[in-house]
Each structure stands twice: as structure tokens, then as C-alpha cells.
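Across the two complexes that follow, subunit A remains constant while its partner is subunit B and subsequently subunit C.
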Partner chain A sequence: MLIQQLVNGVLLGTTFALIALSFNLVVGALDRLNFALGETAMVSAICAALLVSQADVPFVVAFVLSLLIGAVVAALTYLLSFRFVSPKYHTAPILSSLGVGLVITSLVTRTFGSDQRRVPTVLEDVRFELGPLVVTGDQLIILVVAALLTGLLYVFLNRTTWGTAIRGVSDDADTSGLLGVPVQRVILLTFVLSGALAGASGLLTGLSFHTVSPFTGFETTLTALMVVVLGGLGNITGGVIAALLIGVVETLTVAYVSATFRDLLVFILVAVTLVVRPQGLFTRQSGVAARV
Partner chain B sequence: MSDVQLRASGITKRFQGVTALAEVTVEVERGSIHGVVGPNGAGKSTLLNIMSGFVPPTEGTVELEGRDITRLTPQRRVPLGMTRTFQNLRLFGGLTVRQNVLLGQHSHARTGFASLWPVPTAKERQLRQEADAALETFGLTELSRRRAETLPYGLQKQLEMARAVAARPSLLLMDEPAAGMTAQERRALVPRIRQLRDEGVTVVVVEHDMDLISQMCDVVTVLNFGRMLIEGPPDVALASDDVRTAYLGG
Partner chain C sequence: MDAYTEAVVIKVGIAILLALGYWVTVATGKYSFGHAAFMSIGAYTASILTLKFDLPLELAMLVGGLAGAVIGAFIGWIALRLSMLYLAIITFAFAEIVRILLDGWDYVGGATGLFGMTGTTVELVAVCIAVVVVYLFFLSRSRKGLSYEAIREDEQAARACGLGVTRISVEAFAVSAAITGVAGALSAHETLIITPNLFGAPQSLLIILFVVLGGVQYFWGAIVGAVVLTMLPIWFDFLEDYYQITYGLMFVLLMILRPQGIVGRGTDRRINLGSLRELATSRRGGGGDE
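Presenting the complex of A and B:
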């Protein structure tokens, strides 16, 4: 049924939107991609899933912890892969953050094993039926939390002193520094926020599939990259729209074509976009190549 | 007894063998508008860049309120009360007019974790009022929600000044504030800068426009080929024979 699949697609897209937001924040602040964000999402989700399923920690608490874990991991990634690398070396942070990602995966499998972890249903008895359309309680949680986080981020970036500083550094780091903005601290804060978003996205994705695997990190990074390229690098609104689009395309492919073609169609979509509109579907400015 | 706020003493700057400034000493008195003029290549901008910390001097020292700040970065000079504007505008094009001004206040507005929260602290509220007042002064209130890059050049200049003023400087360094302005905007500039001085801000201004300098400044330093020709009240300094020769015959 098409409408149900569309709704499912949008819901999947909201989790992509969070991780894409997370990428775009860092792109904005540093003009660099943090390739460990997928693993950051994964480690937060695994820890939260373990707490919920084995220690009976309430989901809300586990969710807050996933934000915190994501934030800490991203801050460490910044210090290890970005802070002390000269801006001259464009590829160094890419390779080094990829390395941090590998280390995270390896630490997780060594510590917790390589099994998939279950994320139990949170709202078991809640179910909304609108004619033939069904939305589960968990899907509703995903939608509400993702919307809430996006809204909070928007308010933060536009209404607070630190948020304005992030936008300033994003726009022109040199001038921000000259005005007395502590640029390095602002960048660290941006990583912390982006890590928290990644953590949230990891746990919410886990909730939507009711399972988390320690090997999904790079896949998440790849999906986020697809979203970010499609929406325009650094373009926050474009990223959200692209995430929903990719969510819908993936869901429809699985439902009507075949699960094996799921990623293929998205990759084709992105490849065509790169050829036809390298600046992304929703951006009018410079191309991806010029910014990476 | 004079009250010197900024002292640049014995400043020499050489760029790969070329001497841009040679043993220039300038003392800026508190509460004055101090003009720096000279023909192209006289070293005006270099002097301003050294005063604001963009370029280190080869020799000499810069003191603010008696403290040696020669080695401080521009960022570290902001909390000490020194702010500057730029000849080539440095605005945040993608941010609104008001956000540009608020960013200028960052070092004052930041109060640790409280500034992470959307409800402004008392200090932030106070600063936002000052930001709105600065926008008002420079005629930008109506445009405060517009993106800075959409403003015409003249208004962008006004915005840069509003941003500098809102940062509560005690010393404001201005690099060619009138460049690119219309005649009308230039006329409006003089009373605004004088008003700043009357509010207690010391102003150092580098400018080409001699009329503007003579109307506005209390003291003028004239540079030529990196050396100081004369310093004094504008009517005296600008009328001296050396200055006439430098401009007309130089």
C-alpha cells in the first residue's frame, strides 16, 4: 500500500535527517567531514540498547545517555583527528577520522562482542490507525524526537550567544576570531552538538529496526554522505529534505522492487545528482568538489 | 598632563627589505579622534594593522593603557577594549544584520553555560538593547532581519560600524570608513563619529578624504614614505608646507 510505504519512508528519513544535520554542522564549522560520525552513532546506540535491554534502564534515560556518549565521542574525535592537524592537509582529517571510526568499531566488538543488540519496543500498546494507515508508537517517538531535536537546534543556532557564534564561525572563522569569538571552543562545541545528534540518530534508527549492530557505523556514514551530497554540502534545510527523499526512495524500493536494490537506487540518484547538479539539489552555491 | 591611551613607539616595519614604516611614534590621547593620513603607500594601513595586531612590527612596541600589547593577537585585544573596522568589509553575509552586531559583542555576552540557553541572561539582555541602539544610531533598525549580504555597500559600511560600536570599545580603529560611500553618507559620518567620541570612545581613523579628516579629527598624524611628517591639530598639520609638498609634489 503506497501511502503506508510513503509514511514509513518519511519516518526512516527523519533518522537520516538527524545524522545529516550532524554532518552538516561540522561541514559548516570546519569545511571538513567527520567520517567517524557513523561509528559515533553506533557506539551510542549500542550502549543505550544494552542499558535498556539488560539493565532495564528506562528508554528516556538511555536516550539522554546516547546524546552524552555521542557528544563525548565526537569531542574526542575532534581532538584526535582535527584540532592539531594543519588546515593545509585536506585529506589528513578524512583518513584520521576514518581511523577513529575503525577504532570505535573494534573497541565496541572487543568490549561488548559482535552480536546485534535488541532495542525493545517502547510504546507497546500505542498504535494509530487512520483508515488503512498504521503508525506505531515507536514510529511516533522517532518522529516527535527528531522534530524536537531539529527545532531545538534551530532555536539554539538562531537565539543563543553560542549558537550565533557557531553560525559566525561557519560563515567566516577568521573574522569571528577578530571579533573576539573563541573559534576553537566554538568548533569543539559544534562537534559536541553534532555528536549528540549522531547519538540520537543511532538510537532512533535502532528503535525503528529494533536492533543495533556494531558493524553499521560506516554504512551510516555512507547514507549520511548520500544525503549531504543530495541536499547540498553544508545546506541544513536541503539536508533534511534530501534525507526524507532518500528515506522514501529506500522504502519504496524495498517494498516494490527488491531489498537488494535498496542502496543501488540511492547511489544512482546521488551519482546522477553529482553529474547534473554537483552543488546538490537544493543549493545554488558552489559545488561539492569546491568545498570538500 | 596628557592622558595617552594608545602608544605606538619607534614602529619600524620592513617587508622583505622594503621599509613600510620607519621609527614612527604615535600617541593617541584618550577621548580624541586621531586621524592618520598620507598619500598612497605612506604606510597608513600598515600602521593601523600594527596597532590592531594584524601585523607584527619589525621593531617598536604598542602599548594600550600602559600595557605592552605588541605580541597580542587581534582576538586578545578585543576584551581589552580595542575594536577595528576594515577597509574591505568583513561582514557575515549569510547572517542577519542584527546577528552580525550580536556577534561583535560575543566576548562580552558570553557567560559560560548560561549562554547556551535561549532565554537571555540579564547581561545578554542589556547587550541586545545596546545592539539595537547601535542599529538605530546607524539607521539599520528597519533592516535588522535582512541578510547582511543583501544590503547595498554603503549600508554594509554602516553595519560594520554598528557592529564595532556595539562591541563596547574604548578604542576604535577605523580603516577608511568613508571609502565607497556617497557624498551624503560621508556627511552623515562626521557627526556619528563625533558622537562616539563624546560617548567616551577614542577613535583612530585612517582616511584618504582630507575634508573629512579636517572636519572630524582633533589630532592628525601625516605620514609620507613610511615616515612621520608632522602631527598636530588638522588646521595646522594639513596646512604645513611639508604636507603640501607630499601631496602635490610628492
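Presenting the complex of A and C:
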């Protein structure tokens, strides 16, 4: 029973990990938080869910489309709330990306209605039983896709020219610019990548609960924020570990304590972490900026 | 004054109080993302006192403010040594913890909340605003107001000048929480019913928007922001379904055209410059690379 809950928690955590990755990418590239990413995930998930359940599009196609939609929405968010906003004001992009989030939510509810949408099971007959442990086909899909995307991102960032450019801009945008890196295009690329990840996480979360609601955008943003802070801002590995940790804590609280206290424990965990280790659980003492 | 106008005036008045209260902490450059929690502390304290102990609203309101101040000082003492982003997160987490705890506390009705509070009048709200405005007017011209500004513009320089940055910020945070608590008490006795969910993240966000939209430089910028944001839904009533879209796009446009808010000077002065990650790490132990 406990092992089953742990597995469920880790699976929940993998979807958190994707959205946290997507936040951390933007933090790295621009030192800003994109508060519309939760809504980006939501709009991708809603569109994909509609395609799968109403138009009988295969899941794979819908998944690819969710990546594309997420990427496009994130690129638009960049243009609307980051590109032309003066970098001198920290609060400005927060407000304007919240504004974009609001626009996305109301556009979705106007176009598709405010009903919850169903995400049908993909692998209906697949079910693995390892002793007392049960893993459904859908859970397997979530795990494999999330791991695959994380792995691909890792390879892309560390092994390709554009990935190196992203890391360069993330370390020091001015120096990278002087060395001939097209900084604006790299930042746009980062937003596109983060949007695609957000889209994937939206659809996978939808798959794990089998429903998607158009009102969960902001909630997703908040969960991602908790994960990002717990793992250390901009720390990609820390973010993944923190996501799994929060997934496990939430699942165990719901299973053994009460569903109302699910968020409470996470918030207390984050608050205590901030007071005791403000650089995040998994970042070295001096923090990202000082280490570089 | 007919009932409708009176309701609108009280609503705007409470929004102004909330904005002014929030401005006090923003004046020291500290953004809280959980001010709705102080609103709910004030609202619940005052409502318990008027409903269960039959105290007059004026007294209950002041006790509510005091409760806000005490808890605000405690939270500030823990959290204000953190940097901007982490302060935002920890205050947000605090607000959610308060909300969840109230939700599970049967004495105050749990999720269904308390109801039956009345008594907020235009005069009472006006008196509260007047007191706060007079306080802020003198604060802005005093040595203490200057120290707030110094901390906002450059915390390290302020520290180097011998200002007790943490003590001053905590004090500002407590005053801010007190004003917000009073505003919460007044709003509880206007809306008749309060539930924990009224004081969630959207309410905190609205309070921030008042101040950032109006401009953080002068306290009357907060008043402008509060009036504009409270009246917008009424003015834009004819937009109906398109209201939210217009609202969102308005923020996008405003941040591109006037990121400093409606009131305030241009960008030649330093306001919260520097990298978010540096901000996030430089406050503890002096950072690694200095």
C-alpha cells in the first residue's frame, strides 16, 4: 500500500517536474518568471483533450499538437509581456504575464465553454502488476514521456550549439551578446521550449486525472512556483527532485491524513525551507548567481 | 445618497484603505503576496468580537487591526530578511496556511464562514482613510519616510548608512498589516458574510494590482490605482463577456507604456534593478562573489 502510494506520488511529481523545468528555463534565460505558463499548459491540454475525445485524433498526434500550441502561446506571451517591457521594473512582467494568463483563460472559456473536458484512457488494456504494485498503461506513458522530454532537454542544452547558446545567455547575457550570440533569438527559443514543456505537462496531468478544467491555469502556476523555490531558483536538477518530493508528499497526505491538508503541508514545507535554506534544498551554499 | 451609491462609495473606500496599507510596506521595497491573510485576520477577529461578544464595530475594528499588526510583525520578522521573490512566496504560503486553517476551524464556521455582520458606514470608512492619509502625509515628509525610501532604492547602501533595515522594514510591515486588518474588518461588516475563500490569492493579487497600477512612488498613486481598479468593472459593464479580455490586455499595454504605474516619474531612477537570482541570493551571508 505504502509502496503503491509512493509510486503514485512519483508519477504525480513527474508532471510537476515538467512544468517546473519550463519555469526554470525562463528564469535562466531572462531572470523573470512567466506567470502565464500555467494557462499555457491549460490551453494546450484543453485543445488536445478536445481533439482526442471529439475528433478521434490519435493520442500521439494530439500530444505533438499540444507541444506546438504550448510553444506558440509561450512565444506570444514573450512578445506581449516581456519583449517590449522595460527590464528595469521587476514587477512589470509579472503583471503583464498575469494579464496574458487572464486573456488566455477567458478566450478558452469563450471559445470552448467552461466545462471540464475528458481525456480518455490511451492504453486501455495495459496493466502491470509487480506483486502488490499496480501501474496502469497511462501512468507508464506519463513516466516515459516525462523522462524522455527531460532527457531530450538535457541533451539539447548540453550537446548542441543552440543549447550552449541558451546556457551562455543564462549565465551572462551581455557577454554572450558580445561574443556574437543572437541574444533575443535565444531568449525567444527558450520561451518556445518552455511553452512546449508546459503544453506537454498540461496534457500529461490531464491524462493522469482524465479531466482538464479551463480554470486550473493559475493553480498550476502556483504549484510550479512551490517546486521551483523548493529546488532552488533556476536549478534544473533541484527542480526535478523537488517536484518528485512534492508529488510524494501530496499523495501521502491525501492517502494517510486528509485531502484538505494536501496543500497545507506543501506550503509549510516551502515556508520552512525558505527560512532555513533560502537558496533551495538542492543548491550549493552561495546560490546560482554567485557560483557562476 | 441612495443605497447603490453608498455601497459603491464604501467599496471604493475599503479598496483605498487596502491600497494605502499595502503601500506602507511597498514603500520599503518589500512586496507581500499574501496581504489578504491580514485582511482575513482583521475580518475574523472583528466579526467574532461583534457577533459573539457584542462589542461595537469601532472597537472591534481596532482590535482587528491590532491582531493584524502583531501577526504581521511576527511574519515580517521571519520573512523580511529574505529577498524579493522569496518574500513573495513565503507571504503567499502564509496566506494559504491561514486560509486552510480558517477553513477547518468550526468555531468560525469553517468553509461556510461567518454571517450577519453589519454596521460599516460611509462616515466610518472616511474617518479611517483620513487618519491613514494624515499619517502617510507626515510619514512621507519625516526622517522615517526618508529611511523607507532609502531602503527601497538601495538596501545595501541604506544598511551601510547605519539604518536598521530589518527593524524598519518589520515596523512598516506591521503598520501595513494593521491598516489591512482594519480594512478587512470594515469589509466584513459591509458584505454581511465572510468565508475563508474570500481572502485567497485573487484578493492578495488585487491589492498588489492597486498599488502597482497606481505607481509605488507616492502614496496617492495607490489611491488612484484603487479607485481605477474598483471602478473599472462598473465602467466596463457594457463589455460584458469581453470584460476579462479587455482587463488582461489593459495590463499588458500599461506595463509596456508605463511600467512605473499611472502616477510617478520615469525610468531614470533605480527601482529594484539587478538580477532576480542575485536578489534571491545576495541577502544571506553577503553572497559568494562579493
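A few remarks follow.
To be clear about the criterion, the second predicted complex is superposed on the first by the 284 of 292 C-alpha atoms of A that agree within 3 Å, B and C clash if a C-alpha of one lies under 4 Å from a C-alpha of the other, contacts with A are read in each partner's own complex, and residues count from 1 in each chain.
Here, a contact is a pair of C-beta atoms (placed from the backbone, for glycine too) under 8 Å apart; a residue touches a chain by one contact, two chains touch by 3 or more.
A quick note: this is a predicted structure, and the numbers were derived from the prediction, not measured.
Shared-chain residue A:233: touches subunit C; no touch with subunit B. In the overlay built on the shared chain, the residue A:155 is in contact with subunit B alone; subunit C does not reach it. In the superposition on chain A, A:101 makes contact with subunit C only, not with subunit B. Ranked by how many residues of subunit A each touches, subunit B and subunit C are led by C. Contacts of A:49 after superposition on the shared chain: neither subunit B nor subunit C is touched. Look at A:164: by the touch rule set out above, it reaches subunit B but stays clear of subunit C.
Contact residues on subunit A toward subunit B in their complex (touch as defined above): 155-156, 158-162, 164-165, 167-168, 170-172, 174-182.
Looking at the complex, you find that subunit B touches subunit A at residues 74-75, 78-79, 83-84, 90-95, 99, 102-104, 106-107, 109-111, 115-118, 124, 163, 167.
Those residues of subunit C that touch subunit A in the complex are listed here as 31, 78-79, 82-86, 89-90, 92-94, 96-97, 100-101, 103-104, 201, 205, 209, 212-213, 241, 244-245, 247-252, 254-256, 259-260, 267, 270-273, 275-285, 287-289. On the side of subunit A, the complex with subunit C involves touching residues 27, 31-33, 80-81, 84-86, 88-93, 95-96, 98-103, 105-107, 110, 218, 222, 225-226, 229, 233-234, 260-261, 263-264, 267-268, 270-271, 274-275, 278-279, 285-291.
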